[in-house]
Structures are given as structure tokens and as C-alpha cells.
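In this document, chain identifiers A, B, C and D correspond to the written order of the chains, with residue numbering beginning at 1 in each.
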Amino acid sequence: MRIGVLTGGGDCPGLNAVIRAVTRKGIETHGWEVVGFRNGWQGPLEGDSRPIGLNDVEDILARGGTILGSSRTNPYKTEDGPERIRKVLADQGIDALIAIGGEDTLGVAKRLTDDGIGVVGVPKTIDNDLAATDYTFGFDTAVHIATESLDRLRTTAESHHRALVVEVMGRHAGWIALHSGLAGGANVILVPERPFNVQTVIDWVQRRFERQYAPIIVVAEGAVPEGGAEVLVAGEKDSFGHVRLGGVGTWLADEIAHATGKESRAVVLGHVQRGGTPTAYDRVLATRFGLHAVDAVADGDFGVMVALQGTDIVRVKLADATAELKTVPLERYAEAEVFFG
Amino acid sequence: MRIGVLTGGGDCPGLNAVIRAVTRKGIETHGWEVVGFRNGWQGPLEGDSRPIGLNDVEDILARGGTILGSSRTNPYKTEDGPERIRKVLADQGIDALIAIGGEDTLGVAKRLTDDGIGVVGVPKTIDNDLAATDYTFGFDTAVHIATESLDRLRTTAESHHRALVVEVMGRHAGWIALHSGLAGGANVILVPERPFNVQTVIDWVQRRFERQYAPIIVVAEGAVPEGGAEVLVAGEKDSFGHVRLGGVGTWLADEIAHATGKESRAVVLGHVQRGGTPTAYDRVLATRFGLHAVDAVADGDFGVMVALQGTDIVRVKLADATAELKTVPLERYAEAEVFFG
Amino acid sequence: MRIGVLTGGGDCPGLNAVIRAVTRKGIETHGWEVVGFRNGWQGPLEGDSRPIGLNDVEDILARGGTILGSSRTNPYKTEDGPERIRKVLADQGIDALIAIGGEDTLGVAKRLTDDGIGVVGVPKTIDNDLAATDYTFGFDTAVHIATESLDRLRTTAESHHRALVVEVMGRHAGWIALHSGLAGGANVILVPERPFNVQTVIDWVQRRFERQYAPIIVVAEGAVPEGGAEVLVAGEKDSFGHVRLGGVGTWLADEIAHATGKESRAVVLGHVQRGGTPTAYDRVLATRFGLHAVDAVADGDFGVMVALQGTDIVRVKLADATAELKTVPLERYAEAEVFFG
Amino acid sequence: MRIGVLTGGGDCPGLNAVIRAVTRKGIETHGWEVVGFRNGWQGPLEGDSRPIGLNDVEDILARGGTILGSSRTNPYKTEDGPERIRKVLADQGIDALIAIGGEDTLGVAKRLTDDGIGVVGVPKTIDNDLAATDYTFGFDTAVHIATESLDRLRTTAESHHRALVVEVMGRHAGWIALHSGLAGGANVILVPERPFNVQTVIDWVQRRFERQYAPIIVVAEGAVPEGGAEVLVAGEKDSFGHVRLGGVGTWLADEIAHATGKESRAVVLGHVQRGGTPTAYDRVLATRFGLHAVDAVADGDFGVMVALQGTDIVRVKLADATAELKTVPLERYAEAEVFFG
């Protein structure tokens, strides 16, 4: 039996750990041949692949990125996409695919299964916003990096008597802001799920200054003030995506500076959060995802995605998995509010 | 209302995060007074306590150790222990206790509750061997440190063409060995739950050498060869606990050296695994444990322990919590075997 | 004998290590009393001080920031500044001062010495731009942090096939850019000392893409294109110092995006580089600076600054020390060019 | 022109950084061909080599170990060694060699140059014990790792009220012990250069306990009590080098335990100190060493070794370089004593 594996979407620490686990288990347990397709769905579309052996995955567990490369290519937006994939798989004698990626990649995996191609999905989103799984690999690494930065920024904020606004990733869900904010001792945490009241934020900041401490505000890139994103005019001027990167943090630091008369600075962590070596937690999770994806293939159980529930790896239907976004529930946010100000 | 908090047993990253969360929520949400008892159960026995305010917990989230100190004192092995505690709490007007600790500390918490003293438990075991909770804080930090060491040892093993045996913590349960071994790419993982066959280990090591790679064996301090601990004679000679620290790793490296004729070395990570700043994961978990312990006190729900189930913090009866040891199940160990050799 | 110590200027990892060393040596070796003045020169101006004992410095070696606080107060811009300091020192029986700070703080130290107040300086500049010493503490930490970020950004740049422009600290000198760029494997390094030709940078970037790798450009915040800073219009719009933080990096990423048609992103590391725990290198250097500053006081050798030359700590006249800026020499930059493209 | 490069001796972070720099500069600046010889002097002896191109060194800067492998083979202990090397170099058209290694490797480099083979040396010793250079790469990484461990052990020592003896590398020179001890806030530092008086150590430990703190003793593996190594009987029993790894630390912890009645533990950091990714400092130093070694070859300046003096890379005669061991001078040790107890 021959199986193919591919990685789609943005960079995420743990991709290589999944590839390694799939390869080891496919070869060692089942005696399969494992083939790697390059650059996401582009690989199966163009027949761009190479066999992966045990030695190819010897040294990749701890390394960021993906040895297979990635892309956002969508076969359903490509002429005869599904047909071309079907032909490539037939020509190369591939019996099944393991697709590692986010909503888009898994959406394609679902449709291909509906179209009769056997695919098993492995969820990948740094934002941890997939409803069907407790956690996704990459998230713990992103939180770890953001928290390390908060630890460092704390002493600078204190000795400069400044407010620091730290913008972290999270366009639609505030999980990275919530967890890094809790772990880094943030004095205010702002998430996309709850439009924030600027005056309330300033009140928290003031209280912090009155307690003779420097406030650190963690804000998700997708957080917006009441009144909505159009308030963030500054950001719009930027010509290459700097809105997403620098918008709300820069704007909020500006607001705080004017309202409090204290120096305020914005730090935008940006891409540093999504690259490099995975944490031990993410390596274990990614490895287990890979192993269980192979089990699903062995069972001929296609159209499913592996997921973490408690300490168990389970399978959920791709249809359900990609249905809804997992956002920060009110009660989780309320936990964090105890530490505001 | 006044509540007391204490920490018992060995060092574990995250203790201060719990103390901080208890203090913040007790004061900010409920307007309680929070009192810290020193050195575990010794504090309530001897009335050794001090009030904790918001400023006392400002700077402790990221710091290892415990600002309250710790001990292994057991009031039930002290004359009139429970009575003395009851009197101290009455004298100081303490309405309830939050006890952070492992099996012993929580065992005392349970008995005190049975004796009519209101106690809520927060589980603490670096070994992650408590059945009632998915994870305990400190464990992720220990795995993180062991994994970092494995990452470093890998290149040395390769360039010296040597076998390296890395002994990690875990006397009765192999969780640290399993997770750090998976995350660090160990070529063999040995846990207390499964007495190992030395020849099988040597075969894996040989296979590794034949593949032109250097083998790294992760062994829990409590792992024993078939035939049992008495085989580990070398260790017994040591006069101050070096058996526990250095026993099986040293012995196994010796066996491998003799059987393979290759240089073999043992590295005993020891206490480095249980100290210092907690990982972001452990800070979040410890913080949430502290918050929910306060909720339990507010509900007058005593004799319970907070626990992690999935992504939720729940309460379990201390009676059940301390009943059985959570060991590595066969299927989890089988997952790892795919990477042996 | 009683000596005072103070810290001035911006945050810099290692300040507490100096304070600890001064305190230990002053008390243990000489039996002096050590007094800490708060918030830089504001302390001696307002008599804001407290005695420092051995226990006060027990736990500060590894911690960022400064337990004494800091400020940019300049007694020579304060009415009767020097006179007020002289009076405070007389009233408090302070025989000498150890001033830890950058150009401004040391400039004041020099003038006070000229005015008959005994001061010994300890150099502090994250930018490593002080001519009289091989290195200053804080610099190695900043380079370490920037390098860790480059390690992480590398995999993301590769898997996104993107150009990444990483802006690091360095307004007038490019040392952090040069060292972190060398250590992080940057494909282009731009420093304030050499106005860069945008087309040349784009050619290097193009070559990199042609080699099928993603380019990472490290740019010091003070680097400017030929034609000068006024080219960086984008930055000017920002109302609270974002020019300094985000100017050139954002601008250059934009230029690259337009010229190459490839996605380009700017990451501005900002304050993360100057806070938190110092590296081992900086802790040793800061500690030795503190010890030798006490020696200078003991010798009554005032108006000097301790400095690193090779592996020795020496004394240089403050007059010479603050005279000129140490910039990156041409031959050091030429070393790095070997790795461009 | 064609040059060969090889790495000899034990693992040391930075080896790959040297190889990368040699390759980049040889190809980009001089248009040479660069050839890598495998496993130290074994490569040139057996003609085991392969060409190295720009892409071969793209991804190795941050990685520990050496892509060329290493060995302790000595051509002068091999029949016709030098002749065989001369013939291999002639056959492969190699004009000069760059040898990266410690005393042994450089000793061979010197003799080969005397025998008319052009060799330039790059010093490599984790112990920093080479007289001709201020620092060698790998040392800063070892100190960094040991210091991180000390940071973690501190909180455990405190909360267990225990003495911890931390044994670090350094058989003949105490540089790692001195620097990590200073950076990690050790309360006693013991080095091979000064046989220690056990009672004096115990007095320091006692004083520490009396101050209500837990003592941490950093001891170099080569440190010996007055009376000499034969005192360390315990170690001798071990059959595979455990003396070197565990000897003095274990023995000393035992002595302290018996003398003070306090629990004492030994932690032997061992190989963790010499592997894995280099610090930024070591990457810069190793890179500069590689660049300047190529300069020496270009100048036909053989029989020399590159060395760091202040911030400059200079050349020293191999004859002088390997003559004497650089040990910790009395005054450097005296600096550290200020922090004892």
C-alpha cells in the first residue's frame, strides 16, 4: 500500500513532527510506502512528489517549517482540479492521502472524500480556533513565545514607567491573547470576541499606574474597539498588510498615551510567534496526530480528522470539524478579568 | 471572610501561580482576606502565617519555588495535630483552607475535612500520576526541560558515535519519560510500568548503530529490568540517595557499553527538571486551578480537589482523587514503540 | 565609609547584577555601608535613598530591570542641581557614588567629579556604542533575543516563500544588527553607518529567491537609504514614536514587495530586546564591572569608568570614555557581506 | 584553488558555523572549491571527502554537532600517516587544509605544516583553556546552559532547604565553573586550579544555611580536595568513566550531608553542556574564526591558528598556541570569592 502526505496553509510548529510520525508508523508498523507531495494541494495537482524513507525524517522532529513545503492552492478553484488529483494518485498508485492543514486544506479534504478520494485530515491552526479538537499543535508554541516576550517586556515597562501594548496573533479568536496574557501576567487582555470599551481599558491602565506598576495590555490582532474596525484609521494607510500586523496595538497605545499623558508603546510580535522549533507539548500532540491519522487510513476510515479530546486522540467527521469556529467563551474571558488593573 | 493557603511537598513550577490566583480572586472578586501559612502543614500547626495582599503576588507568577515555603509535615503524625490546627484556625479567624500539594498533602486535606475543617485541594505532582486530573502543573515544565536536554544531547551522541542513556524523573509512573522521549526523539523509552528486557534494549541500540545513528535511551528513574531493582547493585553502594538519582541509567549505560563495545554514557537530569520558571502551559493551568479552588471555597464545597478534564476545570472528591495512581497505559506506550530503534 | 549607587537611563539587562556586585563587595570586602539612590540622578537630588544589605541583593542577579528604578533626570538641567546633590551626600554621609548608566548619566558623573564630588562610572548601553570598552552588558542579551527571533522567522519565511525584514535596535550604531544578523544567518544586514542602496538590497533579495530560499533582511532602526531619512515618509505619520520603532523596516519591506512582486513583511522586535533576564555573558560582565567599580572607589580613583579590554576590566577617564561613539568599522561590515544574497 | 576542511575531537557548539563561514568565503570571495574531509584526520588519511557547496551550508549555522563528523584519529600514530595524507591531498588536488579542533588536532596541524603540508588551525575547546585566544567558541554555550540549570536549581534548593552540588565540565581548567558560578549566583565555586579545603567549603555552606538560604556549590569535574583525587574513592568503583562524570560532585554532596546533617544532592550536568545549538556569541565567534582562517590560507600563512584578542581576530603560531594551558588565574578566582557563603 502507498499513502501520500501533504501540508497546506501557513507555517505552524509541529508540521514536521506529523510528517515524521506518519512516515515511521506507515513504514514500521504497516510496511507501506510513504510519498510526500510538495506545496500543499499543488503537489497532487501536478504530480509533484517524492518517496519519504525513515532517514528522511530522522532529523526533522524539532525543526520548524515543513520539509514538504506549503501553499494555499485550492483544487476546487483549479480547472478539473479533482480529476487531475484522481489521475495523479492513480498514476502514482497512491491509495490514500493524509492532509495536514487548516480550514481550507481540510475543506478540500472533505470535498475530495465526497468525490471518492480517500483522505484523512490532521488539523493545523496556530490560532487554536477549531471547534472539534481541544487543542491544535502550534498553539502552545505561539503562546510560549508570546509569554517569553511578556516576561521580558515586564521589566522594561516597570523601569520606564510606561504602558506597553503587546499585539499577538488571533484575527477571529483570542486564544493566543487569552493564554499568553494569563501566563505573562497581562493587566488587560483584549480579544476579537468582545469589542472593547476604550475608556474601560484606560481606567484599568490608570488604576495600574496608581498602584505604582506599569500596565501591560495584550491585544489580539483582531480585537476591535466598540464602534468597529473602521475606527482604526491609522492602519488603513499601510500598503502591504500592516493593518493586520500593526493596527489595533498601535492605535490603542496612541489612545492610552493621549488619555493618560504617560508614554505608551506598541510591540507587535508578528511572525515570530508562528515559526521555529515546537514546544515539547506541540511535538507530542503533532506526533500523536500523525500516528492516529495512519490508524484511520489503515481502517479505511476516510473523511475524518484526528482530534484531541482530553488526553485521547479521537476521529471526528471533517464535515463537523470545519463547521464552526471555536471562539473564547465568556466564562474563560471572565477568569482572566480577575487579573485586570 | 478569611481563607488560608499553603503549599506542601516537593518543589514544582507553578506553585506561586496558584497562590497569586487564589489571592487575586479572593480579594478582587470576594473581598476576602487571604492568609499564607508557612511550610506546608507546619504553618497551621504552629500558627505560622502572614496576610497576603495584591502587591505580595505582583511579581511571583513567573517564579519557581513557593513564597510560602514547603515541608512534608503531617499533622496526623503529630500529637494532637488536627486539634492544634483547629485551634489555630479559630484563633486566627480562618474560615477555610486551600491546600496545594501532592498525595500526602491532599490526604491530610481529606482527613481534615472529614474532621470538620473546610479544605479545598489543588493537585501538585511533577510526575503527572494523579488519576483524577488530565494533567497537573509542573509536568509540562519538567517535560520541556528534559526535551531541551535531549535536543542538545542528540548532536553530541551523533558526533561521538555514542549511546546516551538519559535518566529522567518518575519513580512510579513514566509520564515524563514518555512525553520527553516522544518530544525529544528518543530511540528507546523505558518506564516503571513495564520492566524492560535488557537484551531487547540492546537489540534496539544495535539496530540504531547499524543505521549509522547514535541511540538515545530515555529511562525513568523508577524503571527496572526484568528481575527487578535488586539487579541494580551498583546504585546500592551510594550513601545519600544516589540510587534513586543515578541507579538505572548508570547501570543500563554500563550494560550497553559491555554488550555493544561502543562507548555509552549516562546523563542524570535530576533536580533541574523540577525547578525554575514554569512554562506558559503550566502557568495557565496553575492559575486556573487557583481561581477554581476559590470558587469551591465560595460555594462551601469542601473535601474536593480541582482537576483538569479536557479544557474544563472541575471538582472531584479528594477521596477519589487520591485513591489510585495514574500510570502510563499500554496503548500510550505502544504509540511510542513505533519510534524505537 | 558609605557609598551610594544609582542607575540612570533606559532599561538594560544586567543593572541588578552590577548593584548586587557593588553591594556584596562593599560590605563583604570593605565593611562599607551601601546606599541605593532611587530613579537615577533624581535620588541624590531629592535625597531619595535607602540602605542596601546583603539580603536585598540575594535574589536579583538573574532579574531584568533595576531595583533602584531609573530616570533621565539631569542635575545640570536642574536649578542648583550639583549643589543640592553635594548637600544630600553630606547630610547622608555618602563618601562616593557609583553611577551606572549611558552617555548622559556618565556625562553627569564626569561633571560632578570636576565639581569635586567623587563618582565612579559603570557603562550601560544596549547598543554597545561606547568607544572605551570592548563590550557593555545588555548587548549580548539583545543580540541573543534578536537571534532567537531570526531562528524562528527563518522557517516561516521559507515556508511562505516570503521576504522578511527584521528591524532591530540601533539608532546610531549597527552592532546589534551586525551581530544578530551574523548569528541569525541574515541574507542582508543594514546599519546606520552605511546608507544603503535600495536597488542593491533588492538585487540581493532577488538572488536569494532565485536560489530558492527566502531572504531575511536585518535592519537597524537607524539605518537609512541613500537620500536620507526623509525618504521614510510612511513613518512620519505616526504620532507617538512609531517612526523610530517601525520606520525603516516597514518602508523597506514595502519597497521589496513592490520591486519583486513577492510578499514581504516587516517584523519590528522593539522593546523585547532590552528587557528580561540577562544572558550568562552579561551577568558575568556586569558583575565584574560592579566589583571593579568598588575597587576604584576604594582607591579614591574618581572620574573614571570601568571598561572591558580583552578579558581584563580596566579604568578609563570618563572624559575620554564619553568623547566618541563606537560605530561599526568598515572591515567588520565587510566580514558580514560574505553572507549576503 | 581547492581547500579542505575537517573537524576533530569532541562535540562543540559552533563547528558548523565555522564550516559554513569557510565555505561561503572560499567560494564567494575567492572562487575556490571547498572539500569536506570526514571524521577528523581520518578523512585525509583515507581520502574520505566530498565537495561542499553553498547549499550544503545553508541550514547549518544554528545546528550543533558537525556535518563532517569527527574522530580522535592521529596520523602520527598511524603508519605512514603524514605520507598517506600528502598523497591523498595530491590525488585530490587539495592545496591547503583548515583544521578545526583542540590541542590534539592542532598539534597534528602543526607537525603537518612542519612536514610541508599547508594547514591553518581553528581552535576548538569547550573548556576555554587555550592560552593564545581570549575565548573559544562553545564555551559561552556551555556557560549559558550551566547557568540556566543553576537558575532552575536555585528555587528547588530553597524550597527543599537543601545543599545542591552542581558538577560542571572542566577537567584541567575551571573556566566553565567560574563563569557559570558567577552568572548563576553560586555560593561556592571550586576549580581544578585550587585544591579545596573541605572544612572551608562546609563553613561557607553552614553560613549560608544560617542566613536562611540554601547553598549551591558549583564544582568543576576536575576539582580535587586537598589530599588529591585518591580521596574520591567512591568514583573509582565505576566501570565506564563515571569517575570523571560523577566523582567529585557526588563525593562532596556526601561530605556536606554528613557534616551539616542537612540533605544534600549532587547534580552532574555532563554532556548537556557541550551539545545543541550555539549561543549567538559563539555563532559570531565561530563565523569570524572561519572567515579569518580563509584569509590566512589566501595569504599562504600556514602553521598558524586564528585567535580572538579583544574584539580582533588575529593569527598566532600553532607552536605557541598549543604550548601552555590557560588556567583560571588567582585574581579571577578572588573576584568570585566575594560571593561565597
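As a working rule, a residue touches a chain if its C-beta (ideal position, glycine included) is under 8 Å from a C-beta of that chain, and two chains touch if they have at least 3 such contacts.
The structure displayed is predicted, hence computed values, not measured ones.
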{"item": "Furthest chain, CA centroid comparison against subunit C", "value": "B"}
{"item": "Gap in Å, rounded to a whole number, between the CA centres of subunit D and subunit C", "value": "29"}
{"item": "Gap in Å, rounded to a whole number, between the CA centres of subunit C and subunit B", "value": "40"}
{"item": "Centre-of-Cα separation between subunit C and subunit A, whole angstrom", "value": "34"}
{"item": "Residues of subunit D touching at least two other chains", "value": "151, 277"}
{"item": "Graph class of chain-chain contacts, one of line, ring, star, complete, other", "value": "ring"}
{"item": "Of all residues in subunit A, those that touch subunit B in their complex", "value": "21, 24-25, 28-29, 54-55, 58, 61-62, 134-135, 140, 143-144, 146-147, 151, 179-180, 182-185, 211, 213, 277, 279-281, 283-284, 287-288, 291, 309-311, 335, 338-339"}
{"item": "For the subunit C and subunit A complex, residues of the former touching the latter", "value": "10-11, 63-66, 69-70, 145, 149, 151-160, 164, 234, 237-242, 245-246, 250, 253-254, 257, 263-272, 274-277"}
